[in-house]
Structure formats: structure tokens, C-alpha cells
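Two complexes are shown next, each including chain A; its partner changes from chain B in the first to chain C in the second.
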Partner chain A sequence: MKFKTSYLVAAVVAAIMIAFPTFLGAYPLNVARSVMTYMALAITWDMLLRSGQISFGIAGLFGLGSYASILAVLRGGMDPLLSIVFATVFSGAMAYALGFAILRLRAMYFSITTLALMEIFRIVIHNMHDFSGGPEGVVLPTVIFGGNASALYWLCLGGLFITIGASWFFEKSKMHLALTAIRNDETSARSNGVNIFKYLLITFVVTSAMQGMMGAIQVQSYGFTAPDTAFDANFTLLPLAIALLGGIHSTVGPMAGAVLLGVAAEWLKLKIPYGHLIVYGIIIILVILFMPQGIVGMIRRAGRAAGRAGKQTGANHE
Partner chain B sequence: MAKKRNATILVAVITVAAVVILFWRPTVLIYGLQAAGLYASIAIPMGLILGIVHIVNLAHGEFMMLAAYATFMVCQAFGLDPFVAMVPVALVTAAFGFMIYKLTIRQALKSPELNQLILTFGISIAITQLINLSFTSQTRKMSFDYVSASVDIGELSFGIYNFVFVVIAILMVIGLRLYLTKTISGKAALAVGQNPKGASIVGIDVDKTYGFVFALASGMIGMMGALFITRSSIFPGVGGPFTMKSFCLIAMAGVGNIPGILGASVLLGISENFLKAFRGTRGWADIVFFVLIITVILGRSIKGKKA
Partner chain C sequence: MKKALAVIAIFALAVPAFAQSGDTIKLGGTWPLADITGKQGSMAAQLAVEEINAAGGVLGKKLELIVIDDELKADKGAAAFEKLITVDNVDVLVGGMASGVALGQVPVLKKYGKVYVTTGAAASSTVEKAIGADSDWYFHLHPWDYNQGASYAQGWDEIQKKYPSIKIKKIFLAYEEGAFGKSSFDQTKVLFGADKRYVIDGAPFKSAAQGGGDYGAVLEAAKTFKPDLFLWAGWDADALPMLEQAKAMKFNPGIYLGAPPGWPIGFGTSKLSDNVMFYGMWAPSINEISPASKKFYTGFVKKYKEEPATYFAPLSYSAIYIIADAIKLAGTVETNALIKALEATKYASPLGQTITFTPANIIKHQGIKNQKILQWQNGRQEVIWPFESATAKPVYPFPKWK
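For the complex of A and B:
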């Protein structure tokens, strides 16, 4: 019974989101697109986090995808829509190759190396003047779909749905058990026959591909990119803050966080043009210190406490 | 035995390489050493925190950036020289570091490493954006006459000011070594670093030691921030790459091995300047540390598997 209502709610929300362009103007749609991009990035970050690996390299793969897409269109003459697929595959392939090196690292070594990825990709793009346009960046002659706001919105929504779908699949399938086992205790996971490297590699490739896909969608919608916009630290920072605030290790958490913070970001951007990101830094600090479970975790815990109080006798069950 | 032979071969290879570079491109060696001094003196405080408090301070470079801005303000307001200003700035940074420790990091000592990493990441963002908010992202620079001091040896002419950082790095290593082995609080810090639980059983105040070490390291990085401004222009993002490079050096040397940081910095500094010596590869010099960290960590994990 409970399952059916949750499916119903999801379907209704999805339908409303698909119908947004019919009653919203261009500006709200633009805001919605940026919220959805950050939501998708937050979900992918969380997917890898479920295995206990913190990636600080979201911006790196996001920028990589955006460059792969824009260069495929400009230099390879590829169809814009196809170039998004290409960027997805390219980012995935890149993650696959890199994964063999960096997925052997653990904890802080892994995190710092992914943090460096962003720098690396930016330097590479910077230095390939002839191919990538160097520091000035590259501009597309036309935006995808001729810049139609509704079409762009649906494209971004499509990307988001794919991400949510993947995350949901990861939550419901065997992947979830494997990743949780790795997070809890790697040694015992290995001794129970979990192929750690395989699962980490799959997760890393899938999440990186989706980060690249969101980058490609973003760049095709704006028709322009430069190393400093594509590899902007915001694309690492905001998803992190979003997922942490919403609640990690779930799909719903990052979604809730993205709606809250995404709208707040848009408002802050208008109020404080320089340094509005300080709010995100402070949110990260406060959440880690005072509510490491995030909003969804707190609600869930409150619900559980209420349920326990109702039963009264269930206290010694744990 | 095999290990010893390997080490001997390694030393021989490095010596030969150094001699070859010395005759072929002496500037690579000179500027490499100077860069190494800077890297080492920035990495050593981070190594101290990592070795004793066991916290990766991702806000390390930002502490330095903050100190550099503080020096900038002090020097502008009172017309002081950075070498004078570094004393008050170091004290203020030490106090700031102690405050950060008390307010945030102390609360997260018991939580998983994951949370600590994200916490210090958040602190680094907050500091960068605070500076961004109050100073905007415009670059600032101060120039001094003595920075351009140079020396001629034969046909070769090179700047010598940056050797200051080499001296500081060496002094830091010696000073820390004396502090950790000769003084009571230093010995206590070393004991806490090895085993906090054991140290607290024998009556060492672990929390106080952590706080002191954090403040000490922050003071050292504050001093470096004050001197950094003599060498380079500053902007809010200037510290970030140094956090990564410092971590890379510490990982290469091995956590807790502070003198090893010197060797690692020399390797990094010389290989970066080696690439900078050629027009075609100049832009790529910033990737060197990434290649090094991957090689070293992978090499270590493979070696670990064999043993």
C-alpha cells in the first residue's frame, strides 16, 4: 500500500515537472534548469559516496563532458543531440581509464586526487590552444533547438530523469548491497566475495558519464564555454552542499536539498554578486557539525521515533 | 638487503641526474631548489597537523591566503616590511587556527574521516569566499627592492632572494625536530600522534596537545603567508593549488615523515622547472605533481602487496 502511494506521488510530480513549460515563463524555466543540473550532479556525487568514496572531482568531469560535446559539434560536425550522447560515453570512457589508477586510492588520497582532476583537465584544455580554443573558450554558432526555452527545459529534465533512474536502480538492485558493504567494512566485504574494484569502477564510470552528460546538456543550452566556466569550482561545491543538506546515502535527500538550495542560490546571486558562495561553505560546516544526517535523515529519524513511541513496547527491539 | 641496494641505486640515479642537469641547464636546478623551498615550507605545517592530529586540513592553502591578505593590510596601513609583519601575522593566524580547531575540528575528531574531509573543505570554501566578498577577486601585489637581488657566476645570472624559502624550510625541519624530541610538550605531541588513547592513559591532555599543535602549525603557515606576498601576487584562489601540492608532498614522504617532505619537494620543484625550461612544455608544469602522486601512491600499494 505504502509503495503504491509513493509511486503515485512520484508519477504526479514527474507529470507536473514535464508540464512546467506550459505555465511558466522563460526566466523560471532557466532557474529550474540550473536547479535540475545541480540536482543531477548532487545525486551522482551521492551515488559514489554510498561506497564510502568522496569525490571532489565533479567539476572536472562536468567540464570534460561539456568540452567533449562542444568540440564534437565544432570540430567533428556532429549533430548537437548526438554530441550529448558522445560526451556521456566519452566521460565514461575517461573515467574507466582513470579509474584503474585512482580507484586503488582510498579515503583522503582518493579525494585529493579527484580534486586534482579538475585542475588537470583545465590545464590540458588551456594548453591545447588550436583544438580547444585555449583560455578564451569556444562558442557554438547556434544553440540546440534554436534556443527554445521549453525544449531546453525538457532536455535538461531528460538528463535529470536518467540520473534519478540510475540512482533509483542503484538503490534497489544488488549494487546497493555491494556498495554499502564496501562502505561499512572493506575487508569483510572482500572476504564475503564482493568484487570491490569492479563495483567501484562501475559506479565511478556511471556517475562520471552522467556528470559529463549534464555538462554536455549545459553547454549545448548556452552555446558557449571556457575553461574557467566549464571547470568552475561551483560545480563541485554546490552539489556537495546540496547532498549534505538534503541527506546523504539516498536519492530523495539530494533532490530535496537541490530544490531548497537551488532556489536560495538564485536569490543570493541577485543580492550578493561576489562571494555569495560563502553561504554554501557555512552550510557545509554547520550540516557536518550539527546534523550529519541531513534534512531527510532528520525527518526519517523523527518518523521512526514517533513510530517507536506509538508502539511503546518496541523499545528493546534494537 | 635488496631494499638497501634499491635505495643505493636510487640515490645514484638522482645524483647523476642532478649533475647532468647542473651542467646542462643550471637554472633548472637553481629555480627548482627555490621552488622546492617554498613548497616544503608550506607543506611542513600541514604535515605536522596530519602527523599528529590526523586531520587532512583542506583549508591549509586558504590559511596561507588569509595570512597573506592580513599581511597586505598591515603593510599598507603601517608601511611595515613583510619580514617584520610576519611576527604579528603569525600570532594572529595561530589564534585563528586555534579558534577554528576549537569551534569545528574538535567536534569532528570522533566522526568518520569522510566528515572531517568535507568539513575542512567547507572551511576552505568559507574562507575563500569571505575574502572574495570583502576584497573581490582582484589580484593584489606588493613589490620590494630586495626581491630582485641577483648574483652572477660566470655567464650565469639568477635571483637569489627565493633561497630564503629554502633556509626557512630547513629551519622549520630542524626546529620541529628539536621541539618534538627535546621539549616536554613536543614529546607529548609525538606520543599523542602515535597513539592518542595510550597518551591519554599516561596523563597527557590530548585535546590541549591537539589545540597547541594546530595553533603552532597555523602560526607557521601564517608566517609563510606573510612571506608569500613578497614573491607572488595574491587573489582569493591563490592558496588552493598549494593545498593539493602540500598534500602530494606529504603523501610522497609518508605521513609523519617531516624531513622526507624536503626530499619530495626537491623532486617536485626540479621536475616542474625542468618542464618550464622548454617553450613547448611550459604550460604543462602544473600537472607534474598529479603524475608524481599517482606514481608514488600506486608504487607504494604495489610494493605493499608484494611484501
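For the complex of A and C:
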């Protein structure tokens, strides 16, 4: 019953999100796109984290997807929508090739390598002046869907739904067991027959493809990209903060973190134009210091405490 | 179930309520408020609004300036314009600094066609191209990169003619590796290298503003090249560390010149700053030759208890006056009438020059087409060129490091 209720609620939330353009204007839809982009990136980061691997390469894959999409349109004459699919596959394929080298690494060695890869992608794009536009970047003649706010929102929402769907599949399938086993004790997982490399590779490829997809959606929505924009470190750092704030090792945690941080950031910016980034930073530090389990973890803990108190009260009455 | 309810609650939070406001002429501006250029630019714009309102407003109405931080991010800049146009219902848009943000805002601008008097964006190969020739509502005050390059070439020609002891043959450009630096280098090569009168070389560096700050390699390359004019194009964070490293390496070009959009506050108090030349549009010394500059400067210091440290302050101040004058002339904020009125702009600005709008390479309405060559002398920023705005003679050559 619980299982069915969750799906029902998810469907209601999805329906509300799809209907947003009918009652929200262009500005909230624009903010929502930003929130959804970071939400998707935070979820993908968390999906790999469930195996114990901490990636700092989100911005690298995001930027790679951006460039794959915009260059496919500009240089290859590809349809913009098709270019998003192309960028998704391209990012996944790159991750597949790189995975054979870097997924043998663990802990900080893996993290530093992903960070270095991000920088390598940026430098390569930066120096391919004639093809990629170099540091000045490239501009599309028009943005996808003629810049229609609702269509751009639905496009981004589509990318987010794919990401959430993949994350929930990972949570509900045997992938979850395999990744948790790898995270808890790799030796034990291997001795129990878990093909560690296979599961890590699948996760790395899927998450990278989705990061590339979000980059492609972003670039088609704004109609331009440049190395400083596409490979901005914020695309790595903010998803980490979002996942930590919301709660790691789940789909709903990064979702909660993205909505709260996204809305808080925009609200603070309007209320405190000249100091919002300081307040924003302090909030993130305080939350991580005092809520290390994240919002979802705190809610779960409060729920368990309430349940125990209820049982105790019941026992006392008896 | 609890988890599901939590998810619904979270999404409910994502639907913000936005307010409308009353009967004023509304201007909407975006600047990067955490950066000195945007912070002081927006403050100066607010100062202009208050001065205009104190003098009776425009068409019997008060001006209201709504400022939103673009955070130097394209998506934030675009969202800010969406809010200003669709939620705040502003009559005119103003502001801007970085080309990267401007590019993100272009689709929104094109969608609504709202009159925009912009103080930023110099990258012609991307921003001017993206705006295109048909965007009548776009009024660009800041010179494009090719405008700047052409004015520098003209400036150095005239300086060498007037001061024969100054001889420039070899120019080295150290440029930050981003779009700003690269476009500066490209324009320098085109404009100075075209007729072979100058020998141009250059090398990129990673700006301290972007996690760099080691200029050893680029300074070594420059030292080997032995330039008559050493020029660096980067950000304010590079100004002092690069000088420190140049001093440590005993790098002594004939002219040491910086071209950041803004200088760090207090740069002039450093002994290292003495006789460093720079490109810019304004300096406090212009107060001596321009009453408009003096009025702006006095008002700014009185209101904010700090000196304007970047030309984005007088530029943004000018933008507000230009808009106000155009609304007065048009008698309305209706787009077509306002565009016609803006086309008739003739504003004696605090920048020491009269601003009018003429066609650029692509866009129809380009405001300023030249920059100035200035020099730090005893902690003061002195104008060296153009000569009609000059406040001091150049100190040449750049003194040897002790």
C-alpha cells in the first residue's frame, strides 16, 4: 500500500510541475529551470556517491554536453532537439571510454582525477579556436523553441524527469544493493559475487550522460556557450552543497536541497541585493554543521523519534 | 507517505508570490553586485535617480530603479530581466557589465524588445553579433573591443607625435585566458599589427580572479621579447600581484600598462602603482576639466563615503541621465517614441565627453567609441590622452625597479 501511495504522490507532484506554465509567469519559470538544472546535477552526483565514489567532474561533463550540442547544431547542422540526444550519448560514450581508466581508482584519487578531467575538457575546448570558438565561445542564431518560456521549462523538466526516473530505478532495483554493498565494503561485495567494475561503469556512464544532457538543454535554452560558462566550477560545487543540504544517498534528498537552496538564493537576492551571497554561504555552512544528515535525514530522524515516543506513550497507557 | 507529503510541501515552496507596484517610471537594472564594477555602477545609477527625483522627476513622476544582481552568471542575468520585464513591469532596462552575462540575456531582450541602455559588454564577435542589426531598442554605451583597440592605436600615434621621446615599436600583451583577454589580444593584433608599424607578441595567463595568480611564465616571455609597451588585460585582482612579480623579476618595459575594467580600491596608495599607465574612461582628475564629473564625484562621495574606483560608476550614472532626458523629450515611455528620443541624445557626461548614439559595425546605436589613456602619478589617476581631456603629461619611461 505504501509503495502505491508513493507513486500516486509522485504522479500528483509531476502533474503539478507539468502544469506550472499555466499559472506561473516567465520569471518563475526561468528560476524553476535553474533549480531543476541544479537538482538534476545533484541527483546524478548522489547516484555515483551511493557507490562511495565522490566525483568532482560534474562541470566537466556538463560543459562537454553543452559543447557537443551547440557544435552539433552549428557545425553539423543538426536539429537542436536531436543535438540534446546526441550530447547525451556523446557524454555517456566519453564516460564509458574514460571509465576504463579512472574507475580503477578509489577515494581521493578518483575525486582528483575527475577534477583534472574537468580542467582538461575546458582547456581542450578553450584551445580549439576555429572549431569551438575558443575563449570567446559560440552563439546560436536562435534559441530552441524560439525562446518560448513554457516550452523551455518543459524541456528542462523532461531532462529532470529522466534523471529522477533513473535515480529511482537505481534505488528500487538491484543496482541499489550492489552500490550499497560496494560503498560499505568492497572486498565483501566482491566475495559475494558483485561485479564491482560493471556496476561502477554503468553508474558513471548513466550519470555522465545525464550531466551532459542537462548541459545540452542549458545551452540550447540560452543560445550560447563559452568555456568559462560551460565549465563553471559552480556546476560542480552547487550540486554537492545541494545534495548535502537535502540529504545524500537518496533521490528525494537532492530534490529537497535544490528547491530550498534555489528558492532561498533567489529570495535572498531580491531582499538583500548587496549581501545575499554572504548570507547564502552562511546558511549552507550552518546547515551542514548542524544538520549533517541533511533535511531528509533530519525529517526521518524526527519521524522515528515521534514513532518511538508514540509507542512509549501507548505502553505507559497500557 | 510522510516522505511523499514532504515532497509536496517542498514543491509548494517553489511557487513564490510576486508583487506589483504603483505609479512611477520604473527602470530595471542588472549588474554584478559582488564585483566593484557592478556595485559602484548600481550605486551611481541610484544616485542619478535620486538627483533627478530631487529636481522634480520626469514628466511629473518619480523615477524608480529596481536593481537585481546578475551574479556574473548568464542564467541569473536572464532570470533577472524576466523578472524586471514581466513582474516589475519596468519601462526601460539599464546596466550590465560582463559579455558572458549579456549573451545569456539576449534571448530575453529579443523576446520583449524593451528599450535597453546598457553599460556593459565589449565582446563584439559574440554579443554584438547576437544582438544583430535589427535591434533598434538596444543602446550600447560601452565601446566594443574594436572601438577600444582603434582608439588606443590612435592614442599612441598621437602621443608619440606630441612627445618624440616616447617611441613604441614592440608591444607585448599579457592577457587573461578568458573571453575578455583573448578578444583584447585579437583586437590588438588586428589594429596595431595591421600596417607592420608595430611588432606584436603576447601570451595568456590565468587570472588571480579565476584561481590563477602566477605570472612568472608570461612575464618571462615578455622580458625576453623586450617590449617598448607592456600591456596586460585581466581583472583587478591581477593588478598588484603582477606588479610585485614584475618587480621581483626586474622586468622594466618602457611603458607598463594595465587594462582591467576596474582597479582595486586603494591601488593608488601602493608605491608600486606609480607611473603605471592604464586604459579607462574616467578618473577623479577629470573633475578639474568637467563640471559634470565634479558634480557626479561630489555626489557619490557624499552619499556613499567612498570614491568611485571604476568608470562603470560614471557610465551607469550617465545611462540614467540619458534615459531621463529621452523620456522627457519623448513625453512618454512608449518604445518607438523613446527610441527616437534616445537617438537624439547629446549628453555632456561626467566621463569628460558628450555622448551621442551612432552606428557601430553591426548595431545601430553605439554610444562611446573611445577610451582614454591614463597614468597613476603620485597616487592620482591622470588623463594623458585624449589631449583635450588631459590632466597631466606622461611620465616616461617607466622607472627602473630599485
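Quick note on the criterion: the second predicted complex is superposed on the first by the 287 of 318 C-alpha atoms of A that agree within 3 Å, B and C clash if a C-alpha of one lies under 4 Å from a C-alpha of the other, contacts with A are read in each partner's own complex, and residues count from 1 in each chain.
Operating definition for what follows: a contact is a pair of C-beta atoms (placed from the backbone, for glycine too) under 8 Å apart; a residue touches a chain by one contact, two chains touch by 3 or more.
As the structure is a prediction and not an experimental result, all values here were calculated from the model.
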item	value
Which superposed partner A:255 touches (first chain B, second chain C, both, neither)	second
Contacts of A:277 with chain B and chain C, given as first, second, both or neither	both
Which superposed partner A:169 touches (first chain B, second chain C, both, neither)	neither
Which superposed partner A:292 touches (first chain B, second chain C, both, neither)	first
Touching partner for A:244 - first (chain B), second (chain C), both, neither	first
First, second, both or neither for A:131, with chain B first and chain C second	neither
Chain B versus chain C as contact partner of A:105, first or second or both or neither	first
Larger contact residue set on chain A - chain B or chain C	C
Chain B versus chain C as contact partner of A:30, first or second or both or neither	second
Common interface residues of chain A - those touching chain B in one complex and chain C in the other	126, 274, 276-277
Interface residues, chain C side, partner chain A - complex	1-8, 10-11, 13-16, 18, 33-34, 39, 42, 67-69, 71, 73-76, 78-79, 82-83, 85-87, 100, 103-104, 106-108, 110-111, 123, 125-126, 129-130, 177-179, 181-183, 210
Touching residues on chain A, where the partner in the complex is chain C	2, 5-6, 8-10, 12-13, 16-17, 20, 24-35, 37, 126, 133-139, 143, 147, 149, 218, 222-224, 226-229, 232, 234, 252, 255-256, 259-260, 262-263, 266-267, 269-270, 273-274, 276-277, 296, 299, 303
For the chain B and chain A complex, residues of the former touching the latter	56, 58, 104, 107-108, 111, 113-115, 117-119, 121-134, 136-137, 241, 244, 247-248, 251, 283-284, 286-287, 289-290, 293-294, 297-298, 301
Chain A to chain B touching residues, read off their complex	49, 52, 54, 56, 101-102, 104-105, 107-109, 111-113, 115-116, 119-120, 123-124, 126-127, 237, 240-241, 244, 272, 274-278, 280-285, 288-289, 292
